[in-house]
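So the structure is just underneath, and the comments pick up after that.
The chains carry the letters A, B, C, D and E, assigned in the order they are written, with residues numbered from 1 in each.
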Amino acid sequence: NQNSANLESNKLTLTGSSTVAPLASEIAKKFEAEHPGVRIDVQTGGSSRGLADATQGLADIGMISRALKDSETEQFQSYAIAQDGIGIILESSNPVQSLSNQQVVDIYQGKINNWQEVGGEDAPITVVNKAEGRSTLELFLKYFQLTNSQIQADVIIGDNQQGIKTVSGNQNAIGYVSIGAAERDISAGVPLKLLSVGGVEASTETLQDGSFPLSRPLTLVTKETPSGLTKEFIEFAQSENVHDLVEAQNFVPISPQKLVQVP
Amino acid sequence: MTKSIHNNLDRHKIAEIQPLMQIHQLSLFYNQKPAFKDVTLSIPQNSITAIVGASGCGKSSFLICLNRLSDLIPGCTVSGHIQLGTLNILSPKANTTALRRRIGTIFQKPNPFPMSIKKNITFPLKEHGVKDSQQRHNIVEQVLKDVGLWSEVKDRLQDNALTLSGGQKQRLCIARTLALQPEILLMDEPCSALDPISSGIVEDLILRLRQKYNYTIIIVTHNLAQAKRIADYTALFWVDKGCGRLIEFAPAEQFFNAPNNELTKAYVNGIKG
Amino acid sequence: MWKPKTLSLFPLRNWFKYRKDFLLVWLLRGLSAIAGIVILLILGFLLREALPVLEEVGITAFFRDDSWNPGEKSYNLVPMIWGTGLTMMGAVLLATPLGIVSALFCHYYAPMPIASLYRRLIELLAGIPSVVYGFWGLVVLVPLINRLHPPGTSLLAGIAVLTLMILPTITLVADASFAKVPPEYLMGAAAMGLSSWGTIWQIVIPSAKSGLFTGVILETGRAIGETMAVLMVCGNVVQTPDSIFDPVRTLTANIALEMAYALDNHRSALFVSGLLLLGVIIVLAIAAELVDREAS
Amino acid sequence: MNLSGLKMIRQNQYGLDKVISLFFWLVPLIVTSLFIWILGDIIRGGIGQLNWAFLTTAPLDTGRQGGIAPILVSTLLILGVCLAVSLPIGIGTAILLAEFTPNHNWFGRLVRRSLDVLAGVPSIVFGLFGNAFFAKTLGLGFSILSGGLTLACMVLPILIRATETGLSAVPQEYRLSSASLGISRTSTLWHLLLPAATPGLLVGLVLGIGRAIAETAALIFTSGYVDRMPTSLLDSGRSLSIHIFDLSMNVTGGDANAYGSALVLILILLLINAIASYLSGKYSKTLKV
Amino acid sequence: MTKSIHNNLDRHKIAEIQPLMQIHQLSLFYNQKPAFKDVTLSIPQNSITAIVGASGCGKSSFLICLNRLSDLIPGCTVSGHIQLGTLNILSPKANTTALRRRIGTIFQKPNPFPMSIKKNITFPLKEHGVKDSQQRHNIVEQVLKDVGLWSEVKDRLQDNALTLSGGQKQRLCIARTLALQPEILLMDEPCSALDPISSGIVEDLILRLRQKYNYTIIIVTHNLAQAKRIADYTALFWVDKGCGRLIEFAPAEQFFNAPNNELTKAYVNGIKG
């Protein structure tokens, strides 16, 4: 005869990043299967919701698609569960094969407006940028040392797949998206290609070995030091048990030496 | 003929008859524009009152005040006083539902409900508490016979009432009202859509109602011959400066033979009946 | 003549029957009060969430700042008001005639089976998720427009997709109001040898006016409030468009794009855009009220 | 004479009128072909996924594999809650506005305009509101109930306006003659006005259901993302539209199942609309004839 | 009186008059149920034909065949043949718009359009190509005077026609049809909503139209006195086994004084007029 307190402790709620949510759901299902009686609800709504809900105690665990900012490390404990890379994509029939970092910066600042200037056809460039606040954007800006207000975008997108669909449907577009997602779509025949960044080929391999410069961790955050079921779940999500799930979602498992474990 | 008998009967009684409905200084406005003004008259119990007058003089408007149907017309306001027995009809506290059961109305334009012929009659009956379906059926048969419609529709009682011809519709509306046995019947040109035969049936019916069941009937008609035939009292409305007025209200005999007002005289004589 | 036992036939009805109408009115009042409360709650909620940034930077910042860049503390919403207004107007201007013509077609031109098939089709379209419209717009329409004039994601794409989305609303409401045009009018018109078009333009449409008006209101609401599809095809660049091929961002897309990542003042500022949207709608509602009053 | 259903097409036409009629055929043709284009895309993409297993199994691999059974159930529950709440409130308010509030009455005008405003509130704002009010303040959490109630708020203006239009189109004569027979307003409403207003009501219902079943943004924050089979109304449940959104915008390689789910959604809608018009037809029949 | 003069005039001419409209074996069905059957008659040019008969015998249904308004009623089918000059009215190829301009209809239930009084008349005129607004205005004045409505409404031509009283509405409908100057007028109980004065005006009008403007008029009426006063020919319809039949069609004088059929005899004598 279980009492309600017991039941309560058998339920876990995660909210936050839409990038992490599908992965977290899969991990949760596997966890539930291994721990009968436990229920884990994964909700989405964006990284900021993850942080907000974790603060207010509405969620046991928040999910964010980036590392904690310096200002946030005070408040939260964070545990990365996977790694995601950002690659620059073009439509596959675009003759341009590579771009230097400076060319990318110039294109995004509107200084280069035509593919001719970088060795392509005579066609205006459609610059696809991410919406304000997205961690992919922040990563991109940081690496190319830009501010968002300098960027002259023609299209602003939200989610990953929107970026892929926008670029794959427009021969003259340039954008940046998750490498794993792009790789998967390319192998499924979507007309896309990934450009190398800073001379490093964009692929899950270079991401895994740490040589690809543009990457972000997918992170679980808690307000307090995790304990009980929360701790158990985070440990599970970081374990090798779930590496197949991480890879199935086109992310890269965290290499063991970088792993921050629950104390 | 029954007609003359009862007419004579009444004429003698006039002085004794109790007024059933007293109307005092009644006016009706559509959006502040008066349709008729300052009508004062008393409707005697158990009588037939005919209202005549030119088109647009406010006859229909007058009728709809009497059972507060005017409430339903947006922008329509009524002033004055109507007393029915102990009931002040225009009082905001009057129970209009009960009032309208006591005072039935037949409209100029027949308007059966969009339901079956039978249900047009049984639905109001049910609403007024006649629970027994056999009894309802009997009433349906009875009132349809009364209006001379039974033989025409007895095989199609389940048909939609909107498929009836104009005259049939009107008789159905009369039947539906009779089924509720009101004390007073307001009829707004009930025969204008009827052929002479049905018209005759309805006239006979009106006389019978008045005679045997003590109905009080107020009827608007354009047919002076009809008014002459059936009315105990007759009222003439006329438009004066764009607003209806009661010109004369008198026992029918006097109205048609020795009217007080010049206008009445001209009206009853000078026109094609 | 039917001779009744008057007294037993109409027994004194019980309290409930006498009070039926009274109860009904109060029941209805209660129900509409709930509807009213929802509106107040939403307004209150938006105000509460928007208040922090309004207190900090004031209302004028949202109209005067250089740009929309909440990360750098500038909050100009004006281009997005244009974006919202232009997409909405374009879509309503296109969908209204198309919808009314569709409804007229169902009523007066199409034979029964075709009319009911067409109606079914329109009903279906009312329920296709906006993602699907957006998706279709993104993979089919945008590349087409891109060939005309890059980048393809544009005001035009937004208007086109929105038009499709709100078309069912106006069509179905118009259809229902045409069903109520009294047949006597049509009969009268036919009897005078009036052309179909004359009958429609002069008699059918004026008699169905109030229904059509409702349809326009509802479709406008849907056009203003629509989020996902617009977000996918409009390009979402914060700028006042110079041409129909320029990308724009609507207020709703702004909320949807950024809410998930917004913190503190940025989040609060997004609620201001929600509030502003409501303001736009209230202005439209007042305009509608004036037009309505004028008409009646 | 009963003339409802008059068709002009039965008249033969000449000159300009003929040109205009051509136009009247052209517009639906264009609209139809556009929509067949969209529907065709969905059907082409989705028909391959559609089989019994798809409808009866749970999603696997974040929805790329497996079926949509729990999502189907959640969708229907959310819709059920939404209609159970919004129908009585919507119809009640519409009746009050159309039958018991004079046209020029300031209160009626205010309510109507407020509803127009409500109709234009973006769905994401409804979502955030629902999250704050139903999920947090009322403590319902991420649940089918929260989602259904939020949707109810959303479809309310559509229901009310359409029903009201239907009611106000009923000829005044019915009210007059019904009143003259001493029939209470309640019965008049039930037996005469509502049956006559069912076409309008049906439009409101169809539009409302359409809006509710297609809704994404409002549900992400209220009924949630969990794709488990719900066991009560207080469980979180993912709706089909969210599933479609997630598969097409957030899950790489989810397009095929997104199409499959969209096709299922459309089939459900077809079914619900057919049931709704059947029931309303029956209602107006049982009460009328 | 004009009446007797023209009546006498006609009676002499009957043999010479060309039939304007020849109706042969005409039947009308509502959803396969016949409303009337096998009606054969010829309407002479420049004459007034009255159709009388009990309610529901198919008089209105008969009228709506003559200008193909029956096309508009779902489930209504017509068989037989109607020839108007060289035009086969029931042919699917007949131009109904033009036909209905030639054959105007006044309905039993007045149905003005929901627009201003003036526009009710000018709008059909515009539709039929009267471009000059002064000319339209003149026609409005003329036809409103013809129906005796001008003095009543000349100050409120911009008011909505639905605010008129029943009789005013009906006269407006007549005016609006006259404005189009049809050759033939079909009138379905045009006076049933009118008071005797307006009724008289309309009767005079009918006679004038027939006399001065050579109209051919077919009028359904319940008022036998009226039929007697104005008709050159009279037709009696009657229900036989649930289906309307033409019982007798004859010059009015003969119809009322020496009818061939027993039923006609009973009808013209045995009823309250």
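Operating definition for what follows: a residue touches a chain if its C-beta (ideal position, glycine included) is under 8 Å from a C-beta of that chain, and two chains touch if they have at least 3 such contacts.
These numbers were taken from a predicted model, which means no experiment stands behind them.
J.: Count the smallest number of chain-to-chain hops linking chain A with chain E, moving only between touching chains.
T.: Steps on the shortest route: 2.
J.: Identify the chains in contact with chain D as well as chain E, in label order.
T.: B, C
J.: How many Å are there between the centre of chain A and the centre of chain D, using C-alpha atoms for each centre?
T.: Here the centre of chain D sits 36 Å away from the centre of chain A.
J.: Measure off the straight-line distance from the CA centroid of chain B to the CA centroid of chain C, and report it in whole Å.
T.: About 49 Å separates the centre of chain B from that of chain C.
J.: Going by the contact rule already set, what residues in chain B reach two or more other chains?
T.: 97, 101, 109, 128, 163
J.: If I count partner chains per residue in chain A, which residues reach a count of at least 2?
T.: Residues 18, 45, 158, 162 of chain A touch two or more partner chains.
J.: Identify all positions of chain D at which a residue touches two or more other chains, and write them in rising order.
T.: Only 1-3, 6-7, 11, 13, 17, 103, 171, 184, 187, 248-249 qualify.
J.: Enumerate the contact residues on chain B facing chain E in the complex.
T.: Chain B reaches chain E through residues 30, 52-56, 60, 108-109, 152, 163-168, 171, 189, 192-200, 203, 222-225, 229, 271-273.
J.: For a test of understanding, state which residues of chain D touch chain B in their complex under the given definition.
T.: 1-2, 102-104, 171-184, 187, 191-192, 195-196, 287-289
J.: Touching chain A in the complex: which residues of chain C?
T.: 67, 69-72, 135, 138-139, 142-143, 146, 150-153, 231-232, 235-238, 247, 249, 256-263, 266-267
J.: With touch defined as at the start, can you tell me which chain B residues reach chain D in the complex?
T.: 67, 69, 71-74, 96-102, 104-105, 107, 109, 111, 113-116, 119, 123-124, 127-128, 158, 160, 162-163, 173, 176-177, 180
J.: For the complex, give me every residue of chain D touching chain A.
T.: Counting only chain D, the residues touching chain A are 61-63, 136, 142, 220-221, 224-228, 236, 246, 248-253.
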